[in-house]
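So that you can tell them apart, the chains are marked A, B, C, D and E in the order they are listed, and the count of residues begins at 1 in each.
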Amino acid sequence: MNDTYLEYQAEILRMTDRDPKRCMICGKCTASCPAFSEMDFHPHQIVGMVERCEFDVLETVEGLWHCMSCMACSERCPRDVQPARFMDAVRQWRIRKQGGEHLHPQQVPEKIDEATPQQAIAAAFRKYRK
Amino acid sequence: MQRIGVFVCHCGTNIAATVDVAQVAETLGKEPGVVLATDYPYMCSQSGQDMIENAIREQKLTGVVICSCSPRMHEATFRKTVARAGLNPYLLEIANVREQCSWVHKDREEATQKAIILGRAAIAKVTLNAPLVAGESPVVKRALVIGGGIAGIQTALDIADAGFEVDIVEKEATIGGKMAQLDKTFPTLDCAACILTPKMVDAAQHEKINILSYSEVEAVGGFVGSFRVKIRRKARYVDETKCTGCGLCTEKCPQKAVPNPFNLGLDTRRAIAIPFAQAVPKVAYIDPNYCTMLKTGKCGVCSKVCTVGAIDYKQQDTLEEREYGAIVAATGYRPISLEKYGEYAYGQSPDVVTSLELERLMNAAGPTGGTLLRPSDRTHPKTIVFVQCVGSRCEEDGRGKPYCSKICCMYTAKHAMLIREKYPDTEVYVFYIDVRTPGKNFDEFYRRAVEEYGVHYITGQVGKIVPENGKLLVQGSDLLAGMQPKIAADLVVLAAAIEPDPSARSLATLLTASMDTNDFFTEAHPKLRPVESPTAGVFLSGACQGPKDIPETVAQAGAAAAKVIGLLSRDHIVCNPCVATPNEQMCNGCSSCEKVCPYGAITYADKEFRMPDRTTALRRVAQVNPAVCQGCGACTVACPSGAMDLLGFSNKQIMAEVDAICR
Amino acid sequence: MQVNGAWQPTIVAFCCNWCSYAGADLTGTNRLAYPANVKIIRIPCSCRLNPLFILRAFGRGADGVILCGCHPGDCHYTTGNYYARRRMTLLFSMLDFLGIERERTRVEWVSAAEGAKFAAVMNDFVRQITVLGENKRLEDFRCK
Amino acid sequence: MKKIEKARLPELFAALNETAALYLPADRDGVAAFTRWQEGVTLTEKLNTVRSAKDLFFPQVETLANFKTQGGTIEIEDAARQDEDFIVFGVRACDLRSFEILDRVFLAEPQDTFYKARREHAAIITLACNAPEETCFCTAFSIDAADPQGDVTAFLTDTALCLRANTEKGENLLAKLPLSDGAESEIAAWQKQARETLEKLPIQLDLSGFTGERMMELFNHPAWQPLSEACLGCGTCTFVCPTCQCYDVKDFKTKDGVQRFRCWDSCMYSDFTMMSAGQPRPTQKERFRQRFMHKLVYYPMNNEGIFSCVGCGRCLQKCPIHMNIVKVAKTLGGERDA
Amino acid sequence: MQVKEKAIELLSSGKVSRVLGWKQGEFCYDLTPAVFESAEEVERSFVFSPLAGANLAKYLIAESRKEGVVAAFLKPCDSYSVLQLCKEHRIRRENVYLVGVPCEGTVDPDLLRENAKGLTAVREAGGTLVCDTLYGEKRVDLSAVLLERCKVCKSKKIVVFDELLGENGEENPQSTRFAAVEEIENLTPEERYAFWQKELSRCIRCNACRNVCPACSCETCVFDNAKLGTDNKAPASRFEEQYFHIIRAFHVAGRCTDCGECSRVCPQKIPLHLLNRKFIRDMNTLYGQYQAGADEESLPPMLDFRMDDCEPSAARGGKQA
């Protein structure tokens, strides 16, 4: 684990305002997820990876972009960990890492291609000031 | 002249690692009045106590200060030590340098300084301590058990067997509680009724046991040894002394659409009913919410068919007041309401049931006569999904409970096993987070369900259940396989968390017994006094103290009984000597203190006083009954002249502590 | 209180024996930290706290005084904390009326199960008093 | 005789304050009190202060010594005495007489060094009266309020403040002030008018009956009971009295030792001179009697017939139940035939 | 005068053995409370006038314990104090005969003397006081020299009596007696502190406020009690000034009838009644209207509670910083 990863973790925890250590890996989030089959890694795993600082993996996770922010996992999470916030925060982190912190409305059309769900753009746009 | 001894405990490294105990002893040794200050690894050990005892004798100590763990931990221990050395046990003060110092501070210098200040405060207080002698009050040799489930029944039987009278107050029309609703019991699979009903009968027939069913505690006064309890005996509209329990009325009653509470509303019964076949007392009662006669004044069928004339539509609630030496709370538990778990479709589909409902569906005396049929269409379910931890270990506000309900893993294994045994063609899935089986023969039992009965245990939770075309579509997660299984089930069983019976909250207030944040009764000490409440004379039995299975409940019931027997076998109990005491010279007789006393311990008397001009005059002054006073101190502040003081926590003592701390 | 040349607040915490003192013990059992400025005085019930003691503490150099008792409804003596609540409400209002900083006094209900709350309350109170600075308005200069 | 225009009083006070700390009667939130002068403080319009000038020499609370404990040792630190000069302006004749009465107590052997230091360091500028109030009865004690003494006497006429030095200290003081010369004659008319008013004061007392020979008779007088009946036992009369000099010595526990101080006490208090066996005067009647017997009989017996009352009238104004030395004296036979 | 005649009648008829009233002083304003044992004594020196301001309730504690019945004349204010002391079992009701006297306000002697320097005699003439002074006659408006408590009179109702002279009055809910409290509340904490420092620093601890207070009738006051360790004889420090007045106000909270005697007698003119009124106002707003001494049954707020009382965190003595 390196300091950069710890910084990433701190940043994500700040954005989510939730504690991944409270997760007891019951799997209810993953059980609730309508996009389960599209994902390579699932909500409880994303939470776990943040907790374990596995940012090398998170850097490559594609499942993030399939999360539709339906918030079912957050609604049902018995520990109030709210995995959807982690999904969102990790996405945010990924977008920021690509550089171009400032997303302008004019840039949005060119960002939309078939591989990127619209949700990702919307989410990034919504949260980027955080 | 004071001769105070100061003893600083290391508590191994618990204190010594953070507090420089030698420096504390050295510094406190220089305080005025201190003639001895020393430290020792374990003050509470035999050799530590011997050291204190010897020091008191050799140094002729007039007061003892022990800097150690919380007085809530060892004050009683050290009081005995001090008493053994011939010193009044109340000439002891404890400075809490463990829980409130070494364990909460990290900086050694800061913690040491604080320990010194706490020690000084204790020295300042002990300097003003007066020898106190505890008074005595008589013990009424009768116990009250509140709740007639297995916990209450067992407690009552054990107390009664020791020769003391016991009253059981049960709010329902019969004793038996939740256990009477269970089918089989884990891990032996013997039938609950077979082992419970004989106990119910024993209780009913025991000459020392008096069952007050369909009754509730309304008020509690008094204190340990002599509680005065008001019991409301609710009108059952049936004369308990005449009813033979023949059951004729329950067959003839024309009001048939009454949801049967014993079967959790899964079937119906009549407005007049005997709760179940083995009910104790086996006496009918009328539910006034459904009885046509009571509601409209027209009907009277039961009265006509009753051969002994036991029906009495004019019966009223009555209040009885009785005295007890001890009270046992055995109010039990109930499953939580699942209305906030919309994702599990409970209430949307009748085929989503709780585990307790499943017990009734599998019970021979249940609505289906023991054949497992699903409620919606009375067919055999072929695929059954069990969901664990519904509301347990849930920290969301308002939905569930943060604790583990403890019994679900085992009863689910039981259910799964029984279903697979009786209906081998049924597939049973169990979604779980952990399987917790720390009990004798428990894990073996669970493994049998998996290995011998082929129950499918899936590590993961259910996300949602959707009723569709007569099936229940269950979407869960299998965390080990990395799958999201979707099962079309016929029946879903939810292991609902259990919570204390709601009557416990108001009872706790009546008993002035404390409760934790989940409304379970708090024990006097979580490890060392698990069956006593902090309120003297109030004991805890069964699930009202925390989730428990039957063997544990019975064990705790016996333990509570033993404590009650210990109390009732004494003729007198020693009172808390730290009671309010009025200075009659200063008392104005204004009645302020009396008005705030929660125990009615204060009365007034006209007494003759010598006046300054050498005449005598009658003055109204307060008197405190030390056996009734519990020492809260409300009166001491209500008193404007400071005439009322509290022994052991006197105005001067507390101000001396304040002075020492702010020094 | 001067510690190594720097001012540190002196905090007196009156804790009822049944809930808050036990809660403070639980804080220790759970090893939750709070500043050493807090010194606890055990009283049987929050209703034992005489305003005389609070003023005494301030006069003697306390910078903050906090009373912790059972939650209303949970008093070991049934009603003690209800009386304490009224007394403290009125006293605090009076101190405020006299221009003595309102933030120097506080009442918190801490049950025997709320070790974490006790630590949080004490951390917060010490922080608050530290921001407020030394008690100048209700001190007895002779105790300096 | 020197003088200064009335309008220039602030200038005078500033100059006085240059020489030494100046105290003068000024209004403090509607109550006249001897106040440390500073820019803007003006002389009160009121005849006299609520608290008397005694406070400046015998303050209500005074530290006597500090004891510091350290380990097993005790260090004793004597409290400081007054060591700087100060000036008291505006002392009325009655209060001036009170100093004489206090001196006989505090400066008798063994001398009270705290009091003595203050007396020695003070210069007193008295202020003559010309508009007494109905409560004034200084004339009963042969006090000439129109011409008090002190180091300097001041007369405040409609236009000017005239100043006359009576002592060397006074001379020296006046020499330092921005004054012009005046003549005694300038205040003659003023004084005459003042004396005429003083003669007409409604309270006329004949205290000739209060003698040592009649001590027991007065002590046992049946009137003490009805006189004291309404007394609340507060200390107001004592604390506003310029001649009451009783005090209690108390110890205050400080952080690291004990501060020993004295504070005014009142013989009217139920705990006055409390001893192990209790109060020697157990009822209010006895305490009440003590106060007036002391003022009218005991003190004069020991001090060449000087009464320890100066007729300032403060107790007449301030007693919550309006019982006072005039009513007592009259009841006990001191009413002068009209 | 009606009151004096009633006193004579009560004594001469033998209905009572003593009468508590006011005795003529040197001047018109310095009446002293006194016990009269004969009609002759009353005839000689009994006085009742708007200058009879003293609340005589406290004297009844001792008087009601003596043999025989004592009569007392109660102004509305005084009647509240008497009833409160009966409630506290301090006055033996059976030994007192209470005559209610309606009141149109009592005069502040200090104000009167300020308005009429050298005052020697006074007579009332239809709302005007005609004063003889050393310096000639002077006319003063009665309303201008009333005591503060009378200017904001809370009630003209006599709440306890055996006999009434004249008509009983009514409570005055429109009284503006809390206006001064509110004024202070509207200051900033710093201003409040400065205000009270200015006032309390004048205290000379003469105990007049305490000793005149009908509620302060303790056998031994905590401030005189060396055994308790709370004794405190002099304002030796700023703290002790505050300590004395806060605790005194606290001890009478819920028992203080707001009779205003404390402020009337303070030689240093400290507005002590404001402390008591602050408590009364807080109790009224937080716990419901309560008037001490209005009846004998109700529980005072300090000895009562409600489950849903506000939390101490809601306590506000005024505007916050």
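As a convention for this text, a residue touches a chain if its C-beta (ideal position, glycine included) is under 8 Å from a C-beta of that chain, and two chains touch if they have at least 3 such contacts.
None of the values given here were measured: they were computed from a predicted structure.
K.L.:
List every chain that touches both chain C and chain D.
P.N.:
Intersection of chain C and chain D contact lists gives B, E.
K.L.:
Which one of the chains is closest to the middle, using the mean of its C-alpha atoms?
P.N.:
That would be C.
K.L.:
More contacting C-beta pairs: A-B or B-D?
P.N.:
Between B-D and A-B, the larger count of C-beta pairs in contact belongs to A-B.
K.L.:
Distance between chain B and chain C based on Cα centroids, please, to the nearest Å.
P.N.:
Between these chains, centre-to-centre, one finds 30 Å.
K.L.:
How many angstrom between the C-alpha centroids of chain C and chain A?
P.N.:
Computed from C-alpha means, the inter-chain centre distance equals 44 Å.
K.L.:
Quick check: how many Å separate the C-alpha centres of chain B and chain E?
P.N.:
54
K.L.:
For chain D versus chain E, what separation do you get between their C-alpha means, in angstrom?
P.N.:
30
K.L.:
Among the residues of chain B, pick out those that touch two or more other chains and give their numbers.
P.N.:
596, 638, 651, 655, 659, 663 - these are the residues of chain B that touch more than one other chain.
K.L.:
Send over the residues of chain E in touch with two or more other chains.
P.N.:
Residues 222, 230, 236, 302-304 of chain E each touch two or more of the other chains.
K.L.:
Touching at least two other chains at once: which residues of chain D meet that condition?
P.N.:
Chain D, residues with two or more chain partners: 252, 255.
K.L.:
Would you please name all pairs of chains that touch?
P.N.:
Result for touching pairs of chains: A-B, B-C, B-D, B-E, C-D, C-E, D-E.
K.L.:
Which of the residues in chain B end up touching chain C in this complex?
P.N.:
Residue list for chain B touching chain C: 70-73, 96, 98-107, 110-111, 113-114, 117-118, 121, 509, 512, 514-517, 522, 534-535, 578, 596, 598, 630-634, 636-638, 646, 649, 651, 654-655, 657-659, 661-663.
K.L.:
Show me the residue ranges of chain B that touch chain E in the complex, using the header's touch definition.
P.N.:
Spelled out, the residues of chain B in touch with chain E are 585-592, 595-596, 604, 617-618, 620, 638, 640-643, 651-652, 655.
K.L.:
For the complex, give me every residue of chain C touching chain B.
P.N.:
Within the complex, chain C contacts chain B at residues 3, 10, 12, 17-19, 21-22, 24-29, 31-36, 39-45, 47-53, 56-57, 60-62, 70, 73-80, 83, 87, 111-114, 119, 143.
K.L.:
Which bits of chain D are touching chain E when the two form their complex?
P.N.:
Chain D residues touching chain E: 28-31, 33, 50-51, 60-61, 131-134, 197, 200-203, 226, 229-230, 232-236, 238-240, 248, 250, 252, 261, 263-266, 269-271, 274, 316-318, 320-324, 326-327.
K.L.:
Which residues, counting only chain C, touch chain D once they are in their complex?
P.N.:
Chain C residues touching chain D: 60-61, 142-144.
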